[in-house]
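Listed after this line are the structures, all set down as structure tokens.
Both complexes shown next keep chain A, but they swap its partner, so chain B is in the first and chain C is in the second.
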Partner chain A sequence: MTNGWVDIKNADVILAMGGNPAENHPVGFKWFMEAKRTRNAKLVVVDPRFTRTASVADLYAPVRSGSDIAFLLGLIRYALTTGRFHSDYVKIHTNAPYIITDKFSFNDGLFSGFDGNTHQYLKENWAYEGDPKTQAYSLDQTLQHPRCVFQLLKKHVDRYTPEVVEQICGTPKETFLKVADIVTSTGNAERCGTLTYALGWTQHSIGVQIIRAGAMLQLLLGNVGRPGGGVNAFRGHSNIQGATDTGGTFETLPGYLKTPTAQLQTLKDYNDSGSPTTLNKQSWATMNYWVNYSKFMVSLLKAIYGNAATKENDFGYAWLPKVDGNYSWMYIYDDMYRGSSMRAGAKEPAPEGFLTFGMNPVALGPNVKKMIAALSKLKWMVVVENVEIETAKFWNAPKEYGGAPPSQIQTEVYLLPASGFAEKDGTFTNSARWLQWKWKALDPPGQSKTDQEILSRIFLAVQNLYRKEGGALPEQILNVSWAYTNPVNPDLGEVLKEMNGKALADLHDPKDATKVVKTAGQQIDGFGQLMDDGTTMCGNWLHSGVYTEAGNNAQRRNNADPTGLGMYHNWGFSWPANRRIMYNRASADAEGKPWDPTRVGIQWNGQKWVGDVPDMKPDAPPGTYGAFIMLPEGVARLFAASLNDGPFPEHYEPVEAPVANPLHPNVTSNPVALKFASDKDTLGTSDKFPIVCTTYRLTEMYHYWTKHQEGGVLNELQPGFFVEIPEKLASQKGIANGSKVRVTSARGSIEGVAMVTQRLQPFKINGKELWQIGLPLHWGYAAAKGHTGPLVNFLTASVGDPNTWTPEYKAFLVKLDKA
Partner chain B sequence: MGFDLSLARAEVRQFKISRTTETRSICPYCAVSCGVIIHTLGDRSKNATSAVVHIEGDPDHPISRGSLCPKGITLKDDINNPMRIKSPKVRRPGSDHWEEITWDDAIAGIARHLKDTRDRTFVAKNAKGQVVNRTPGLAMIGGCTDTNEFNFLQWKAISAWGVPYRDSQARV
Partner chain C sequence: MAQTLEIRRSSASMWGSHTGIRTAETVAKYIDTTTCIGCKACEAACQEWNDLHRVATRQTGTYQTLPELHADFWNLIRFDERDVDGNFNWLMRKDQCMHCADPGCLAACPAPGAIVQYQNGIVDVNQDKCIGCGYCATGCPFNVPKFHTSGGKMAKCTLCVDRIDVGLEPACIKACPTGCLNFGTKEDMVALGNGRVKQLKASGFKDAVLYDPQGVNGTSVVTVLKYNKPDWYELPADPHVGLLVRGWKNVLRPLGVFAAFAAVVGTFAHFATYGPKAPPEDGDEADRGSGQV
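For the complex of A and B:
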């Protein structure tokens, strides 16, 4: 979230798409109702189903799963053609005036630069016009130049008329126009609207572009950076925000530093690749904050390698593993299944050993049959869990998942009992970026241990083996610092201090070298104090400030709210720098005056920025720097050359497309979508599998955990799996409510109880009647007695977004039969 | 009997939570992060085993203000779940059942596997001759209720072992 949960109460309009917060984030949803109650805010819900969120909305618009981009570009077109956008904001805070090279084009569903052999785009065709060396970029502040971003966008969205939106999304034109009227009512200084989404947007082969379309709409309406505004992702788990922030994915190190690739052989090459050249072409300069990249990186290397990291050895940079290509989720299991992978033009081994901490890939990942076949090829696997999950006993999965009998599966599986949330302390980071400490309430049961103790014991045992026996590059392992007071079971407060960072030598004031800011050994106050000469260490620059000399700020529990806007600066710690609203410089105009004086993000008081923690140099007068300090151009990108599937969003059908793309039938789906080619990667077509299917959660259950609660209340509330089917489809097929049905995709087939509902209605798409059904995802073959069920991911495909490589769970093709 | 029982008879039954220890925690389910108060019996003295008897919303918490959803309010069922595994187990190659194993043997076995796999599959240089120092034979995924601190320790371990295949709930 750019903003926070409580901040939703400051909105005049709430557009909820790609999520069902009343069901999935019910307590956060209180703040939607608070906005309706106290501000008379309008809640607009756009969703394939009439959800619990829709049931309390001021306006509900049905939209076919996977067609959100068409809807959003329709809204953008409406805003641009009616003038209902915030033009002062757009001129100073976005790249609308930038002129794009004449090599950019878009024809018949393809952007320029498409390579039909590799199925990738050459992105240099999408650059700003000008010479990057001389910084001679061209801008047109009048927004009239035919190749300025504003005009190109206008041209791009011109096809998305209300009629076309109806044709693609199935939303009646009148309903769409009502949505457009409410949403664009915030395209000015006085009013402000928020946008909320969740996995209903991310889990598509066009997921990132859906989110981009939403962000572009918010930028045009001038709603980003303001209280009551923003682009707000509702994350589905208690600490996946924290996992994302702390290098939990293959492509990142902690703090969104990039995992080094093989061609970056020296620390200098690596740091240069992370520090973009500043583009100073607005009337103001840009902070281009990533120029500090080397400070974050060297401090991270000092945190992992300690004294072994020296200036002479590039601070141990060579020891960090380098990647060649993609190692994300679907690649892990594809390589595992195929037994090898091609890296830098040569064959390399596939994973033969696998550790999973608190994860259940068999249930969580797409294409279960492929997953089980992949795990069966492992030599060994370690599962650290609270209960015996599907993954732990994949070798004994029910026959329909296609696994070999246990006698033929040679994987040695360790199942280690871990502690639950109440049995360990430490911080979780919520969707609003708040790090909050939780205190341990009790010991774990039986012989269970905390995750940190299990990991540390394995780590130290491996270190000992290398110390005794040597082996492949022992220094990669032996030089990693594990210098905790109790290395076998590190105190998490001590780890959080390490993540915050400290001075390793006396640090001097950059303005006055005689003044010592920090003495060696002191915790630093924030990432602004980090150095790239080895005199500071920091495990995650983004978290810096969480554990200072003042103590553990994640433990703060002062709920005073002097702003009245729900910022709570003395409750926990919000990265970065305890800022509660990201991009808050954009909440003020060119002179630093807030767009709306009743909802002040930050404002210039003549000497400094006051309000929230400024997303700006605190003493830099208005006009010094652009508002978007992490980007080299200092303004937000309506046109972004950085994505893999186009600088503008475009409507593409899901990989399993129910209809040909009405706009360009020759390019129906995302031309650069991620796909795999193993024998288990079969895709269905609409002639055999005519129904669109989507997956979702229920408020009474939690992912694949709560089904394990023996004797639990939640298993009584939602005892088992069902298939949500529209009434008219059910009557066509003679399916009675409560009877058994079978849902089949090109990958698998599952059985469930029919839940016949009016919440789903047929869509009229390009003249064709199209049905959608829904599957709640909470069940599997491991559960409390009487509460097992099918894994819905037996049906889903290993296809996904080309930027995030997230699977397309939310729109795939099935057929439906009476069982 | 020599003393008056009427006082004892008149005594109102005390609330179950009147003598519990309260611990401030955060709900482990979605990313709203509601404040929860965990009530345990036992005062945390060395010879007392704590047991969760009640969980309620934290009214001081600025986001949740005391509310919890059906999942949060039943967290006791999660903690006290009889299906919790309580000892390490191993399933040997080709076997159809779990065997109990001691922690020491489990850790030693895993460490040996890890080292053998790493030594067997380590790639010091790729086909282009670039130093890559990675172990394609290893993959690791981390969960959604791991703390930030655990995640950092895990990143250190992954880097130490040279694991290129790594991912988390954040992707899926």
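For the complex of A and C:
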């Protein structure tokens, strides 16, 4: 979230799209209701289903799953053609005036630079145009230049008329116009609206572009950086934000530093690649904050390798693994299944062993049949879990999942009992970026151990083996600093201190070298004190400030709220720098005056910025720097050359497309979508599988875990799997409510109880009725007695977004029959 | 049964045990159906706080946990789909005992003290004295009390009288994440409800209403409805205590007591007047009786 949960109460309009927060985030949803009660805010819900969230909305608009971009670009077109956008904001805080090279074009569904052989784009064609004389970006503040971002955007969205939106999304034109009227009512200084989304946007082959379209809408309306505004992603688990922040995916190190690749042989090469250069020489220069990249990286290396990291050895940079292939999880399972990998250039063997922590790939991964076949090829697998999950007993899965008989599977499975969230302390980082400490409630049962103990024991055993027997690349293992009081079971407070960082030598005030800011050994106050000469260490620069000399700030529980805006600066710790609203410089105008004086993000008082922790140099007067300090151009991007599938979002159908793309039938789906080509990666077509299907969660259940509860109340409240079917489709097929039905995709087939409802309606697409059904995902074959059910991912495909490699769970094709 | 709460009224008693020693304001639950998301946190909280047995539910094609309240399930969100002039609605309402000011269950109950109404308005079943006859279910206009088959007694929401007694809010209120539930004095909850109704009316819901049915002299559960159509929420439009129940309690029962008393008095009077019955003149009557075997 750019803003926070509590901040939703400050909104005048809430657009909930690509998510069902009432269902999946019922506690945070309190703030939606608070906004309704106290501000009379309007809640607009746009969703394929009439959801629990829709049930309390002021306006609900149906949208066919996978067509969100058309809807959002329709809203952008509406804002631009009616003038209902915040033009002062757009001029100073976005790249609308920036001129783009004439190599950029968009024709028949393809952006310039598309390579038909590799199915990739050459992004150089989408660059800003520089002015060779001034060494600055070319800008047109009047927004009239035909190649300025504003005009290019206008041209790009011009096709998305309300009629086209109706044709693509199935949203009646009148309903769309009502949504447009409410949403664009915030396109000014007085009003402000928030945008919330979740996996209903991310789990598409165009997921990132949907989110971009939402962000662009919010930028045009001037809603980013302001209290009551923002682009707010609701994360799917209590600590998924913390996992992402701490290098939870293969392409990032802690703090979103990039995983090094083989071309970057030295620390300097690596740091240079992470510190963007900028042409911005005009007024409103940029802080271009990533110029500090080397400080974050060197401090991280000092945290990893301790005293072994020295200036002479590039702080151990060479020991970090260089990752050339894509090691996102769908790729890993594809490697396992095929028995080899080609991604690092040469043919490599597939993994023979596998450790899986707190994750249940058989249940939550796409295409269960392929997943089970992949795991069957391993020599060994370690599953660290509270219960015996589907993955741990994949070798004994029911026959319909197509696995080999257990006698033919050689994989040796180790199930290590882990402890649950209440059986250990540590922090949760919530969607609002708040690190909040939690205290252990009870001891784990039996021999269960905490994650940190299991990890430490494995690591120390490997390190010991290296000491005794040696091995390949010993420095990587032997030089790791493991200086915890109890190395076998590190105290998580100590780990948090390490993540915060400390001074390794005395640190001096940069303005006054005689003044010592921190003495050696002291915890630093924040990432502003990090150095790239080895005098500081920090495990995650983004979390720096969480555990200072003042103590563990994640444990703070002071609910004083002097502004009344719900910022709570003394409650927990919000990264970065305890800032509650990111990009908050954009909450004020060019002179530093807040757009809305009743909702002050930050404001310039003549000497410094006051309010929230400023997302700006605290004493830099207005006009010095642009508001978006992490970007080299200092302004937010309506046009973004960084993504793999285009600088503007464009409507593409899901990979399993129910209809041809009416805008460009030759390019129906995302041309650079992630796909796999094994014999198990079959795709369905709309003639055989005419119904759109989507999967989702339910309030009563926690992912694939609740079904393991013996005698638990939640299984009583939501007793089993069902298939949500529109009433009219059910009557066509003679399906009665509560009867058994069968859902079949190109990959698998499952059976369930029909839930016949009016909450799902047919979509009129190109004049033809298109049906959509839905499946909750919480069941599987590993469960307490009486609570088993089918795995919905038996039906889903290993296809996904080309930027994040997230599977397309929200729109795939099926057929429906009476069972 | 909460020992420190004064009893205002008690079933099958001609007079209550109200002493007036303690003061207690009437309390109420507030339910705003327009901000309820049907998350069922209240259902879970009710089950757990009251240590109720699990009901063996099964998927029948609905989000609703059970078709109706159950002796082991005292708090149920009802889900109803309804199209209103082209606007689809998914209505959710928390169902439980309404704690009527004039409780039909109490009126119908023949077991002395088995149903009591405390001074603060809570209506509670005292299982010690309950005889499991089910008359209270007949007397209830909201279909609330249920017979517990293994316990042999009637059961329903107690409005968490054990929590209220020690200054806590009911478990369902405590668990509600959206703030659609609230708890306080009846007066405060009605004021809160009227405020929300006013806001809804201003937002275009002209028929919004606070459901606090006067046919039972109001209830200790007040419910904000977007549409003044209680039946859409599976609520009776104008609940009353049935005439038969009322007749039983107020007419027939006193009459019965009078008749029984009169019979005893009559017997004595008869005895005093005519003396003991004389033995039969012959054995014919008795022989005829035994001849039936």
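The rule is simple: the second predicted complex is superposed on the first by the 810 of 819 C-alpha atoms of A that agree within 3 Å, B and C clash if a C-alpha of one lies under 4 Å from a C-alpha of the other, contacts with A are read in each partner's own complex, and residues count from 1 in each chain.
Methods note: a contact is a pair of C-beta atoms (placed from the backbone, for glycine too) under 8 Å apart; a residue touches a chain by one contact, two chains touch by 3 or more.
On a predicted model such as this, the values are computed, not experimentally measured, just so you know.
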Worksheet item: Regarding the shared-chain residue A:T706, is it in contact with chain B (first), chain C (second), both, or neither?
Response: first
Item to complete: State whether A:K449 touches chain B only (first), chain C only (second), both chains, or neither.
Response: first
Worksheet item: In the superposed arrangement, which partner chain does A:G738 touch: chain B (first), chain C (second), both, or neither?
Response: second
Discussion item. Under the stated touch criterion, which partner chain does A:V753 make contact with: chain B (first), chain C (second), both, or neither?
Written reply: second
Worksheet item: Touch check for A:D58: first (chain B), second (chain C), both, or neither?
Response: second
Practice prompt. Look at the residues of chain A and decide whether chain B or chain C touches more of them.
Written response: B
Discussion item. Under the stated touch criterion, which partner chain does A:F50 make contact with: chain B (first), chain C (second), both, or neither?
Written reply: second
Worksheet item: Where does A:A22 make contact in the superposed view: on chain B (first), on chain C (second), on both, or on neither?
Response: second
Discussion item. Looking at A:L717, would you say it contacts chain B, chain C, both, or neither? Reply first, second, both or neither.
Written reply: both
Worksheet item: Which partner does A:K30 contact after superposing on A: first (chain B), second (chain C), both, neither?
Response: both
Item to complete: Using the superposition described at the top, list the residues of chain A that contact chain B and also contact chain C.
Response: 26-27, 30, 699-700, 711, 713-714, 717
Worksheet item: How about chain B: which of its residues touch chain A in the complex?
Response: 21, 23-34, 38, 40, 42, 49-52, 60-65, 67-72, 74-75, 77-79, 81-96, 98, 101, 103, 106-115, 117-124, 126-128, 130-157, 159-172
Item to complete: Could you please specify the touching residues of chain C with respect to chain A in the complex?
Response: 34-41, 43-44, 47-48, 54-55, 57-63, 65, 81, 83, 88-92, 177-180, 196, 199, 202-203
Practice prompt. Spell out the residues on chain A that touch chain C in their complex, using ranges where they run on.
Written response: 22-23, 26-27, 29-30, 32-34, 36-37, 40, 50, 52-56, 58, 60, 699-700, 711, 713-714, 716-722, 737-738, 753-759
